[in-house]
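First subunit A sits with subunit B, and in the next complex the same chain sits with subunit C.
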Partner chain A sequence: MKRWRYLLGKIGWAFFTILFVLILNFFLFRVLPGDPARAGVHDPRLKKEAIEAIRVRFGLDKPVINCFESLNPIKIGSCDVNPLDTQFFIYVKNLLQGEMGISYHSNRPVVDILAERLWNTILLIGAGQILAILIGVVFGMFAAWKARTSIDYGALIISLVAWSLPTFWLGIILLFWGSNNGLPIGGMQTPGMSSQPFLVRAGDIARHMFLPTLTYTIVYMGEYMLIMRSSLLDVLSEDYILTAKAKGLSMFQVLKDHALKNAMLPLVTVIAINLGFTMAGAVQIETVFSWPGLGLAIYEAVNRRDFPVLQGAFLLIAIAVILSNLIADLMYSYLDPRVHTD
Partner chain B sequence: MRKILALVLTLAFALSACGQAGGGGGTLRIGWAGSPDTLNPGAAVLAEAYTIFELVYDSMYELNLDGSFSLAVAESVDRSADGLVYTYKIHKGIKFHDGKPMTAKDIKFTFDFYQAHEDFPYLNSYTAYIESTEAPDDYTVVVTLSEAIPNIESQLVYMYILPEHIWAEHAEGAAATEFENFEMIGTGPFQVVEYKQNEFIHLKANKDHFLQPPKVGEVIFQTFESQDVLVQAIKSGQVDMITEMPATAVETLKSDPNIKVVTGAPFAPGVSDIIFNQIDPENCPTEDGGLCTGHPALRDRNVRLALAQATDKQKLIDVVLLGYGAPGLTLIPDGLGMWFNNKIEDYAFDVAEANRILDEGGYMDADGDGIRDMPDGSQSLTFRMHWPSDSIDAPRMAEMLSEMWLKVGVKSELQAIDPDALTAECCPAFDFDVILWGWGSDPDPSLLLGVHTTAEIPTGYNETGYSNPEFDDLYDQQATELDLQKRIALVHQMQQIAFDDVVYIIPYYEQAIQAYRVDRFSGWLIDFPKVELSDTSSLVVVEAVE
Partner chain C sequence: MQDYFLEVQDLKKYFLAGRPSMFNRAVEQVHAVDGVSLQLRRGEVVAIVGESGCGKSTLALTLMGLEEPTDGKIIFESKEITHANEHDRKLLRQRIQMVFQDPYESLNPTQTIGEIVGEPLDVHGLIHSKSERELKVVKALEDAGLKPAETYMHRFPHQLSGGQRQRVVIAGALVLEPHLLIADEPVSMLDVSIRAEILNLLADLRRTRQISIILITHDLGTVGYFADRIAVMYLGRIVEIGPTHEVLTNPQHPYTKALLSVVPVPNPRLRRERVILQGETPNPIHLPSGCRFHPRCPIVVERCKVEDPAYVETGESHQTACWMVGT
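Take a look at the complex of A and B:
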C-alpha cells in the first residue's frame, strides 16, 4: 500500500511538473526581445506587407494572452479579446491535438522536424552512454579494487581530466585528429547512400558516429568511473565484505557477488538523470560534428528565433528529464526498499 | 557473437569506403556552413536557398559573373516603344525534370503565383511593377508593366519558373508556403535526387538542359556547422570545394599544393556600414514609433566628416579581414560592377585634419576630461555604439573604432545587442547614435540607393534618417531612366552626393574567400570580377580531373 502511494505521488508530481513546463515554455520565449517574423533579416526587399502577412500566417498578430481582468490587476495582455483567440489558447489547443505548430524558419511542422532529429540524437547518445557506462564501471571497479596503488592514481587522474575537459574543445581536437585519419567529420551519412544496401549504410553511419561518440564517451566515462570508484570503496569497507573475504572468496567473487550490486546504487541514479539531461547536453557535440540531432536543432532554432521548434524541443527535453527522474525514483525504491518508508 | 559483430562492422566499413562511385562525370562535393531554410522559392529567405534555386530552376534571365544579364528560357525579347510591354519568345522543347513540357502557361502561372502572395518575403517584391502576365500561345509570354522601368532583368531574374501541374494545388493561402517542395521539379541544369534538411542536398546533372548541360554527373552540397570544420574537410579531401572560409585559414590552405584559394568581390553584393543617426527632429516618424534620441552632434556633417577622417580603413581591413577587403566608399559596393562609382576619392586618414575640423566647429573639451563637448557645453561627444550580437567582425571593429575616435576626443560606449532588439531601436525608432551593421542586396543598385531616401524613413529602411530632396529627385529619375548610360550617370552622381554628405562610413567591401581542390575538378570560372564557385556558370563547366 505504501509502495503504491509512493508511486502515485511520484507520478502525480511528474505530471504537474510537465504541465508547469508546458506553460512556462510558452511565456519564456515570448519575453525575448525582437520580432520572430523578421528573425534578424535586414533587407530592404522584405517589405512591411510581407512581414505583416508572415505575422498573420503564424498567428503572431493575435494577442499573446487574454488579460483576465479579475485575475491580474496589472492587466497583462489585451482585455477586449476572446480568450479562445489568443496565442496561448491556440498553443494549448494545438498541443492537446499533438500539434506543435509550424517552424517559422523552415515552414515545416515542428513534429516532423523533431521526430527526424530525436532518433539521430538517441542513436548518438545511446551509443555514447553505453560505452561510457561500460568503460566507467570497469575502470571504477578496477581502481577501487587496486585502491591507493599507482593503477588507482593513474585511473583517477585520467578520469578527472576526462571529466573536466571542455566538451567543445575535446570535440575540435578529435575532429582534427580524425580528419587526418580519414574519418568523416560532419553529418551522419555520406550523401547519396540511400540506394545502397542496409549494411553499407549502417557501416557508413557507424563511421560518421565514431568521432562524436568517442567525444561523448570520454567526457562521461570519467564521471561514471569516479562515482563507481568511491561508491565501491565505501561498500568494500563494510563488515560483510570482510566476512566474505574471511570465507576465502577470491577478490573477483567478492566484487561480483557482494559489492557490485550495492555499489551500483548511486550510479543508477546518476545515469538515469544524465540520460534525461544529455538529450539537450549533446548540443556542443552535435554542433562540432554537424550531427543532425536535437541539440543542433535547438542551437539553430535559438539563432533563428524559431519559437515553435524551441517550444517543442524544450518540452521534449523536459519530459525526458522528468521521466528519467521518475524512473530513477522508482528504481531506487525497488533497489532500496527503505526509500518509500520515509 | 561479438566476433560476428566486429566482422559485420569491418565489412560494412570496407563496403562503404568503396561504395561511393557517382554517375558519369563524377560527383562534385561542395562544403558550406549553411543550408537552405526551405526549398520552396516563395518562402525562402536565406542565400543558400537561392544558390540551390539557381541550379534547379530557370528564369527569364540569367545573371552573369560580370554583372550583366542574358536571356535564359527566352530566345528573344521585344520591348514596346513606351517601355511598358515586353514580349518574350520562349525556347521550344524545354522539359521539366519529370519529363513534362514547360510552356508559356507555366511562366504565366508562376508570375501570377508570386504576385498573388504578399506573404512571400522576397519574390513578391519583384512583381511590384508587373501589371499583368499573359500567355497568348505556348511559346509567347507578354509582360505588361505599370511603369516603364529600366531594370526588368533584375526583377525577373529571381522569378524561378515553377511547373503549374505540381504547384497548382498548392497555390492558395498558407499551403503555398507550407509546401515542402522536397522534389523541386524545375527545368534547370541540375535536379534534386535527395534532400535532408540541414544535412545535404544531392543533385544530379540534367543532361538534357536546353542551354548548357553540366559536364559533372552529380553535385552534393553538404552542411558543416562551422567554417573551421570546412577548412579541415577540404584539407582532408572530404569535400572538393568550399564556399566560405575564415580569413585566418587562407595561408594554411595556400600552402597545400592540391588546394587553390580564390578571393574577390562576392557575387551576392553585401556591404558593412557604420550607421550615424542623423535624423532631423522635424522628420522624426513619431507615428511609426520614432523616438529620435540620437546625439545632436551627428546631425552636423562636419562631425561625421571628422570621424571619417579619423578612421583608418586600411587598419580595419588588415585586422578585421586580415587584408581580404577593399576600402569602402558608399553603400554601393564594388561588386555591383558598372553601377559602382570608382571615381570617388576617399577622405584621407588624417587625425590632425579631423581634430582641426572639430576645433573649427567649436567642439572643444570644455571640462578637461579629454572628451570634446558640444559648442554649447550641453553634453560631451559620447556616442552609443551598438552592433548585432551575432556578428563575428563587429566586436573587433568596434574596439578599433573606439580607439581611433578617442584620438580626436570622441568617446564611444560599446555594446552588442540582439539583432531583433537592434532592429527595434534602429529604425524607424532612431533610438541610437552609431550602429555597425550591413546590407545584403540585389544586383540592381536601386535597393541600396533607396535606403538613403526620405520616403523610406517611416518604413525603417532608411536607417540614418538622411533626407536630401536633391537625392530623392535623382532616385526617382534613375528609377524610370530607360537609357542605361544615363541611368549609370545618375547612379554615380547619387553615390557622390551620399559620399559628400558622409551619410555613412563604409569601412570596407569584404571579399569572398573560396577554395577548391585542383586534384579533383578543373575548369572553375575564376577570372571574373566576381567570385562565386557555386554559381551555375561554374558548376556546368567544371570537369573531373582524370
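Take a look at the complex of A and C:
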C-alpha cells in the first residue's frame, strides 16, 4: 500500500516537472534573439519578401501567445488573436503529435535528427557508464577493504586525479595517443562501411568507440570509486557489521551479504542522475572525437543558431534527467525496505 | 584450583591514539583495557559496571575476538583462545555470542527478521533443510519472547519497537545455542518501562539454558537482582569484584562506594550519604601514577600516589584493589 502511494507520488512529480519544462523550454527560445529570418535581415541580398517567406515557413509570423484575459494582468500579447493560432499552441499541438519542428539548417524534421543522434549517444554512454561503474565499484570496494593502507591511498590519488581531469583535455591527449597507434580518431564509421557485412561494421564501430569510451570511463570511474569507498567505509563501521562478524561470517560474507547492498544505495542515486546528465555531458567527448551523438548535435546547433534542434535537444535532456531521477527513486525504494514498507 | 569455564588473565587492549604520521612517529596509547583478570563458572552471571569510557565495551570486543588483545590470556572451556586462528574462531562464534548496546544499529535494515535470525544457522551449516531452519528460527524468536513468531518473520527491523528489536538481537544470538553470552549494555538504549522485561528475559535464559552471561552496564541499580557477582571497573581495570549482595551492601573500594551512593533507592531512610567524586575521569592515555583512582579518591594517602595496589581479600571471594581496605 505504502509502496504504491510512494510510486504514484514520484511519477506524478515527474509528470509535472516535465510539463513545467515543456513550457519553460518554449519561452526560453522565444526570449532569445535571432531567428533565421532576423539573422538574414543583416544580409543585404535578402529581399523583404524572402524574409517574410522564411518567417511564414517556420511559423514565426504568428504571435507567440495571445493574452489570457484573466490570467494575464499585464496583458502580454495581443488579445484579439485566436489562441489556436499562436506559436505556443502550435508548439504544444506538434509535441503531442511527436513533432518538434524543422531544423533551420538541414530542413529535416528535428525528431528524425535527434532520434538518430540519441542512439549513438546511448551506445557511447552505455558502454562508458557500464565500464566506469564496474571499475569504480570494484576499486572502491578494494580501497575500503584495504582502508588506510598504501593500496587505498594509491587508489584514492588515482581516482581524485581521474575525477578532476578536464574531459576535453583528456580526450585530446588520448586522441594524440590513439592516432599514433593506428586508432580511428573521429566519427563513428569508416566511410563506405555501410555495404559491409554486419560483423565487419560492428568491429569498425567498436574501434571508433574505443577512445571516446576510454575517456568517458576514466572521467567517471574516479567519482564512482570515491563514492563507493566512502559509502562502504561508512557501512563497515556500523554495528550490524560487527554483529555479522560476531555471528561468524567471514570478511567476504560480511561484504557480500551485508555491506554491499547497503553501500550501493548512495551509488545507485548518483549513477541514475549521472545517466540523465551525461546525455548532455557528452558534448565535450563527442565534440573532441566527432562522435555523431546528441552532444555534437547540440554543439553544431549552437554554432548554426539552429533553434528547433536545440529546443528539441534541451527537451530530450530535461526529460532524460527527470526520468533518471524517477528511476533512482524507484530503484531506491526497491533496494531499501525502509522506503516501501510501513 | 577450580577449573573455570572462562578465565581471563591480565588482559590488556591498547589502542593507538591517532595514527603515526610523518611528523609524529611516537603515537600515544589509549589504555582501554589494562590488566583485567576475571573467572566465570558455567551458568554464572557476572555484571561489569563502571562509568562511560572505562573500557567495558573494549573488554567485551576483546573477549569476542573482535579486537586483538595486546597482552594477557583468555582461556575458554579449558582451551586458550587469546589469538585463535580463523578456523577455531568460527567454532568459538557458536559458543560465545554477543548482544550489542543499540538495537537500532545492530540489525541490518535490508534483512527481514527471519533472515537475520536464520543467518547464523546457514553460516555454521547447522541446518539441513528449510523446514529445520524455520523450526529453529521460530523457536529462537519465541524463546526471546516474540510470539507468535510467524507475525515477525517477514517484517523488517524498522517496523519493530526498540524492545522488540533487542529481542530479535537476542534471538539471533540464541539460535546458535551459545554457552556464553556477552551483553553490552543491552537495555541502556531502551525505554525504562521495557528494560526490566529484557533483563528478565536474560535471567530466564540463564535458568532454562544454563547460559553464562557477562552483563555490561553502567547502572548499578538494575543489575542487583540477577547477577551472581559484580565486577566494578575503573579506567581499564577491575577495582572490586565480589558476590552481588556483598558488593551492594558492603562495598569496600571508595569508587564502588561513590557509585552506590548515587544509586536511587526506594526507601529514603536507607539512603546513604552521597559521595560526589571530585574531578573528571582522567583520560586513559596518561594514566595517573600509583593507584589509578587516587586523583579522585576521598581517602587518598601518600602511598596511593606511588604504588599500584594489589587485590586484597575483603570477604568470601570478594577482592578489592585498594591500600586503605583491611587496614
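Here, the second predicted complex is superposed on the first by the 319 of 342 C-alpha atoms of A that agree within 3 Å, B and C clash if a C-alpha of one lies under 4 Å from a C-alpha of the other, contacts with A are read in each partner's own complex, and residues count from 1 in each chain.
Here, a residue touches a chain if its C-beta (ideal position, glycine included) is under 8 Å from a C-beta of that chain, and two chains touch if they have at least 3 such contacts.
What you see is a predicted model, and the numbers here were worked out from it, not measured in a lab.
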Should A:R338 be classified as contacting the first partner (subunit B), the second (subunit C), both, or neither? second
Name the contact category of A:N262: first (subunit B only), second (subunit C only), both, or neither. second
Could you tell me if A:N82 is touching subunit B, subunit C, both of them or neither one (first, second, both, neither)? neither
If we count contacts the way the header does, which residues on subunit A are in touch with subunit C in the complex? 148, 238-240, 242-250, 253, 257-258, 261-262, 335-338, 341-342
Within the complex, subunit B is touched by subunit A residues 33-36, 38-50, 52-54, 56-57, 102, 105-108, 113, 116, 172, 175-176, 179-180, 182, 184-194, 196, 199-204, 206-207, 287-290, 292, 296-297, 299-300, 303, 305
Per the touch rule, the subunit B residues reaching subunit A in their complex are 8-9, 11-16, 19-20, 22, 27, 29, 31, 37-38, 40, 43, 45, 117-122, 124-125, 174, 177-178, 180, 193-194, 196-202, 218, 220, 222-226, 228-229, 232-233, 235-236, 238, 388, 390, 418-421, 423-424, 437-442, 447-448, 450-451, 456, 459, 461
Report the residues of subunit C in contact with subunit A in the complex, numbered from low to high. 19, 61, 64, 66, 86, 90, 93-94, 97-98, 100-102, 105-110, 119-120, 123-124, 155-156, 158-159, 169, 172, 176
